[in-house]
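I'd like to ask you about the structure that follows.
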Amino acid sequence: SNSTGKNEENTESTNNAGTSNSEGSSNSSDDKKDPIKIGVLASLSGALESYGKQTVKGFKLGLEYATEGTMEVAGYKIEYVIEDTETKPEVAIQKATKMIEDDRVDFLIGSSSSADTLAVLPLAEEYEKIMIVEPAAADSITGADWNKYIFRTARNSSQDAVAGAAAIAGDGVKIATLAPDYAFGRDGIAAFKEAAEKLGADIVHEEYADPAATDFTSNIQKIIDAKPDYLYVVWAGANTPWNQIADMKVQEKGIKISTGAPDIAALATMDALIGMEGFTVYYHTLPKNEVNDWLVKKHNSRHNGEAPDLFTPGGMSAAIAIVQALKNTDGDTDVNKLISTMEGMSFDTPKGKMTFRKEDHQALQALYAIRLEKVDGVDYPVPVLMRELTPEETAPPVRN
Amino acid sequence: MLPKNSSKTNIIYCAVAFLLICYPFLNDSKSMLILFTQVFIFAVFAMSYDILLGFTGIVSFGHAMFFGIGAYTTGIFLKRFDQTILILILSILVAAIIAGVVSYIVGLLSLRLKSHFYAMLTLAFSGLFLVAAEKWRSLTYGNDGFTFPIPDALKDRMTLYFVTLFLMIIVYIALKRFTQSPLGRVLQAIRENEPRVESLGYAVIHYKVIASVVAGVIASFAGSMYVLTLRFVNTSVFAIDVTLDALLMTIIGGVGTLVGAIIGAGLIEFAHHWLTGLAKVHWIFERWMIFFGILYILAVMFFPLGIVGTIKLWAIKRKGKKAEVVKSEKIAG
Amino acid sequence: MDVLINLSINGLATGMLIFLLAAGLTLIFGLMDVLNFAHGGLFAWGAYAGIWSYTMTGSFLMGIICALLAGLLLGLLMEKFIIKPVYGNHIQQILITLGVMIVLSEMLKVVWGPNQLSAKTPSYLAGSWEFGGVIMIKYRLFIIVIGFLVFFTVYYILKKTKIGLIVRAGVMNKEMVQALGINIKKIFMLVFMVGSSMAALGGVLLGPYSGVIYAEMGMEFAILAFIVVVIGGMGSIKGSLFAAILVGLSGAFMAYYVPDLSLAVNMLLMAVVLIFRPQGLSQINGL
Amino acid sequence: MTLHLKLDAVETYIDQFHILQGVSLEVKRGEVTVLLGRNGAGKTTTLRSIMGLNPPAKGTIEYSGENITGLATYQIAAKGIGYVPEDQGIFGELTVEENMKVAMKKDNEQTKERLDYILNLFPDLKKFWKRSGGNLSGGQKQMLSIARAYVNDNDLLLIDEPSKGLAPIVVEKVMESIQEMKSKTTIVLVEQNFIMASTIGDHFYIIDDGRTILHGEMKELKEDENIRRQYLGIA
Amino acid sequence: MTSIIETKDLTIAFGGHIAVDSVNFSVPSNHFKSIIGPNGAGKTTFFNLLSGQLTPTKGQVFLKGEDITKLSPTERTRKGIGRSFQITNVFPNLTVLENVRLAVQSVAGVRYQMLRHFRKYRQFEEKAYEILRLVLLDNKAGAVAKNLAHGEKRKLEIAMLLALETEVLLLDEPTAGMSLEEVPAILDVIKKIKADGNRTIILIEHKMDMILDLSDSLMVLFNGRFLADGTPEEIMNNETVQTAYLGGLYE
């Protein structure tokens, strides 16, 4: 068949194998083993570009770390293909199909947005390929829309919520919430509410704002009226309410703010929230373990002095998970074998030990209760560890 | 009186159709099939838009509304009921009916307005649909959307390729006939001079509503097909970007030509594919979107009437023919 | 009562901000009838150029000046190379300005990277006063003042000079205006540049308002600006001001009293206005 | 007497159509020159070529001895040439007042005087001063169009069918006004109303198929029935 | 003699200005009526009221005894009132032939047919050609309407009106701007229509010689009001008409 011109598909590994679509399946008894291929879907353009780039950087470092620089596992070369979903579901599907059908990848990793990821899930099932979800957080990925080929190294919204609750909730604590009025915000608050009420807190007010709004003062006004002890904010997207929260003197009125600390670029907009107590998925100074030390060091030298950001360790974890699974199967890419070895598998990541839960393949993982503080020499508020929230503590309910 | 030309162009069209039918047997790259499928679907959508923009002279900023109606209806039907062809067809029909009714109502409410005001009112309506899709979460699962299974018979990309190709050809032929029917000619007259049409004894508002219903229904087909290939739907189908895509494809190809819409869809989808591909070849292309923007700018500079429109003009000029019928098909500045 | 006052003041301030974003578009789209989809790109460039130079120099005034200059320059280039050939042709305008929009917002990422930038409020405008339960955010009062200044300047130019008339006449019949001895091309260019610099001003003032600027902000706010220009009545600066304040206030009150509708408030407002006032809020010609 | 306007073998294309194929005119200062010819002959295109609205591809146009071929329309107009177009060119959404304002080059006493004169000539305009131009009657639009050209201190007026749509009594007034103006202003007139053309014209040109085919003194034309029949189809 | 078109107290005001003021008017069928009056007298507005472009503030319009005041222009055209416009009003980017063909198609009642090809209706095209020949515009059949010279557009305007084949024809200054040479040809066309019978023609013109030549009777409007009605001779001798309208040219 005519597949010229396909060679420029960039498989960024050392060896660009035009041979990959020669024979149907690979026999492990062969001398020359077919490489194992991983396809990474990420937003490399559009609104989530920076997330996508973090994932990709982390993924590359992760492969390097897990294979100790050989880019080989059990004698198989590892190659990868990276494709940009542009944060559009239809592009995600097109690219995923291309990677599965034309590049013949054995694993998928992705993607930066939940919608893109949801759109690709059925493909994983149809083609029986393992897909590691990273960093999309929608609960339904490991919930209603889950299938057995789906694993997730990213934390889901419920884990965020549990962590958020753990950071502030307690007996009789009155909490008001603010979130953008769409699925991400609504789900986040629902999960938070469940977790916080379990800890004895009282949700006194839920406020949802137009995610594209310029003015949040009405929403904040209502929160002030509800007189809570805490205001818990779930927010994502560039447009932020922080300035207005400060301008409305929320904190002066004795209402403490709590939210998830975002990536560094967004932290820079949170000056007004210094002193805020909340949680984070990752900040490079928080986890104390070898993997993270390696990551911070390598990232620094590889990317001219930059520290790894919010989703960098996630990309790395996804790579580590795949390599470890392949080690366990001795390079066998038979999907059922892989699933059974990955179910319940623990692996060391920059965030400590993660474990794929058997029931829904969600990786249980540590999250961090933090306080935002001003640190000398850093021009944005820095998350400072108050307490590590253990994987068990933040384990979300099984919902599939 | 038929210009000899038209039989020649018909031969070209048939040849292209034939090539497209053969294509999957020559090259079985699935991603190419998906790309083509995408082109066919957007060609249908853009053609429906051309009925409004090119033939009736109405600029709508809310055409995504009908696309979204098709998309969600099919998605919800397949999620809730059996995944049979019957349910699929039923969903397409129901979508068409809803789109028809909605376009009828929206048309009645808004078609009396002058150009910009009409455009913005349609934007408002489609914005309301977007909010509804976001808020009616028991049905739509909100902004994240939902996946759904499709009939087994359609799972093969090749089948979908042929289904959408077939749909595109049928829609093209049907709309071509529609625009060249006596009614279609009246639409073009409305584009030129609306009050004058009134005094020739045509009830303008009926025609505009008919145009908007036809466009709406065809757009809903495109929406249904679109989610069928994705097996997923979310609120992005109602976004202004979808309308803008149709707008761009129609304009780049040449308004008021129908083929233009197809060519525009192909051009934009392939340019997109090609440019994103380049992004990995050289860092210069990492911001490939810039080149996309430049493409639009150059298109206006070199093809001011769109590709088809400008080529037609060249053809006329070369022949030195005086004012030809074809020229009448170009829209007023 | 306090709530009412708070909502009104904040709604007014947001309205004024929206007016600042829409004022340039009132000239370019409303008056000159150019469907400029790249208008949002001008916001974003104004914001980036302004906030960047503000951060560099530490002077907010400097930031504003830089934003204005960036707007003027971009306006000049755009008019000369992009818009001039497509006056009077909406279809070509849509395509070409969408192209420019893409180029502008991608260029932002080339120059300043894909991440959002934080925009701090200058210290003398930061914070708020509180009287009883009424909170006055200083920056918002500043926006209200600037908004009125811009309004009166533009209003004066359009009302007291011939420029507004000439532009409107030029849109209706360019040839005739030239046959009256007026260099309409130059005037269009000037008005376009002024409109662009006003867009840039809106952009830079938006920065400290929400604290962040990002490349996608352009398109988001451009739609809002279009809504305001249309429901205000094309080309009427008074109408735009009125419509912008209406949008601001209804946003504030809806979010407080009918939060379930707040996502839809702008679209609902536009639909209602256009169905009942098909020519927009101002009279036709109601400059 | 010097030549005020001179067209030498002007050829003009519109798109690819060769509309003017050789128009030569000599217009003397202080005279009324009338262009005659059947529909589609190219009279309007001739005036538009002079104004630079359809710039000629070949030939030259001289104004007061200066070559103005290829200048931009506004530059030509600024030299003191007023133009009353065939389709009146009213700014429909502007009021009568605003239409006049756009036209007025200067805002001085003289202009005011001229304005008074005009409003006297066409009282309808005064009556509908604040009404939008698009709502005027056909004849009123014609008056407004003429008024816009009269209000400036022009040396040369190009007037395309001024009598079209005007009541006989107003035609008469326009004729008078043209005659009054003649002392200061040169006039090139396209006119189908032969009574008017022959009454006020000094000199005539007949254009056919994009060419000037005949010219002479208006007196001759008035007297020579043969020419009239041959070229204008009237007796 | 029954009147085919009739108005009762027909009035319209724009803002404060009463453009047509309580006009009672009646034309018998097969009659040729002309309307004269100074600029701004309300003649075109009166036509707009007859053809439905405007709705009166007061009064009624009757066609063959039926009250048509509430009907739209479309419906009135279908009932038999056709008109031409003072300001040329054609489809600028369509060909001359197509402009006329659209009118023919409307008359034939092929309005909502969306399945057959329009060229299947060859007879429409032929009919359109025929009409273009009549107004001496067949040589421009293929030209795009906006490229016509002014006089040619006026002819097209008349052609479109003729194509409508309505019983009542409203002609608003059909020969304005038409060349001396061609006016007689158009006059011939109008005369031919008149001679054919069963057409009622109402004409607005400022060219008195033409009016005198054609009309059976004349109505004079002045400041929106009915001023006089009568045979051409009667009107020409009416002193008010002379001073207010005709002036010296026709003395």
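In this document, chain identifiers A, B, C, D and E correspond to the written order of the chains, with residue numbering beginning at 1 in each.
The rule is short, and it goes like this: a contact is a pair of C-beta atoms (placed from the backbone, for glycine too) under 8 Å apart; a residue touches a chain by one contact, two chains touch by 3 or more.
What you are looking at is a predicted structure, and each value in this text was computed from that prediction instead of being measured.
Participant: Considering only chains that satisfy the touch condition with chain A, which of them also satisfy it with chain B?
Facilitator: In this structure, the chains that contact chain B and also chain A are C.
Participant: Using C-alpha centres only, name the chain that sits farthest from chain D.
Facilitator: Centre of mass proxy via C-alpha means gives A as farthest from chain D.
Participant: Let me check something: if the centre of a chain is the mean of its CA atoms, which chain is farthest from chain C?
Facilitator: Most distant chain from chain C: E.
Participant: Round to the nearest whole Å and give the separation of the Cα centres of chain A and chain C.
Facilitator: 37
Participant: Between chain D and chain E, what's the gap in Å when you average each chain's C-alpha atoms?
Facilitator: Centre separation, chain D to chain E: 28 Å.
Participant: Nearest whole angstrom, what separates the Cα centre of chain A from the Cα centre of chain E?
Facilitator: 75
Participant: Would you give the residues of chain C that are in contact with at least 2 other chains, written as numbers and ranges?
Facilitator: 109, 263
Participant: Would you give the residues of chain A that are in contact with at least 2 other chains, written as numbers and ranges?
Facilitator: 181 - these are the residues of chain A that touch more than one other chain.
Participant: For chain E, jot down the residues that touch at least 2 other chains.
Facilitator: Residues 147 of chain E each touch two or more of the other chains.
Participant: Flag every residue of chain C that touches chain B in the complex, lowest number first.
Facilitator: For this pair, the touching residues of chain C are 82, 85-86, 88-92, 94-96, 98-103, 106-107, 109-110, 223, 226-227, 230-231, 234, 260, 263-264, 266-268, 270-271, 274-275, 278-280.
Participant: So in the complex, the part of chain D that touches chain C is made up of which residues?
Facilitator: Contact set of chain D toward chain C: 51, 53, 72-74, 77-78, 83, 85, 89, 91-95, 98-99, 101-103, 105, 132, 148, 152.
Participant: Where on chain D does chain E make contact in their complex?
Facilitator: Against chain E, the touching part of chain D is residues 14, 17, 36-41, 44, 86-87, 124, 128, 131, 135-140, 142-143, 161, 164-173, 192, 194-195, 232-234.
Participant: Where on chain B does chain A make contact in their complex?
Facilitator: Listed in rising order, the residues are 26-31, 34-35, 38, 134, 137, 141-147, 149, 155, 157, 226, 229-232, 234, 236, 276-277, 279-281, 286-289.
Participant: Touching residues of chain E toward chain B in the complex: what are they?
Facilitator: Where chain E meets chain B, its residues are 51, 53, 72-74, 77-78, 82-83, 85, 89-95, 98, 101-103, 105-107, 110-119, 121, 125, 142-144, 147, 160, 164.
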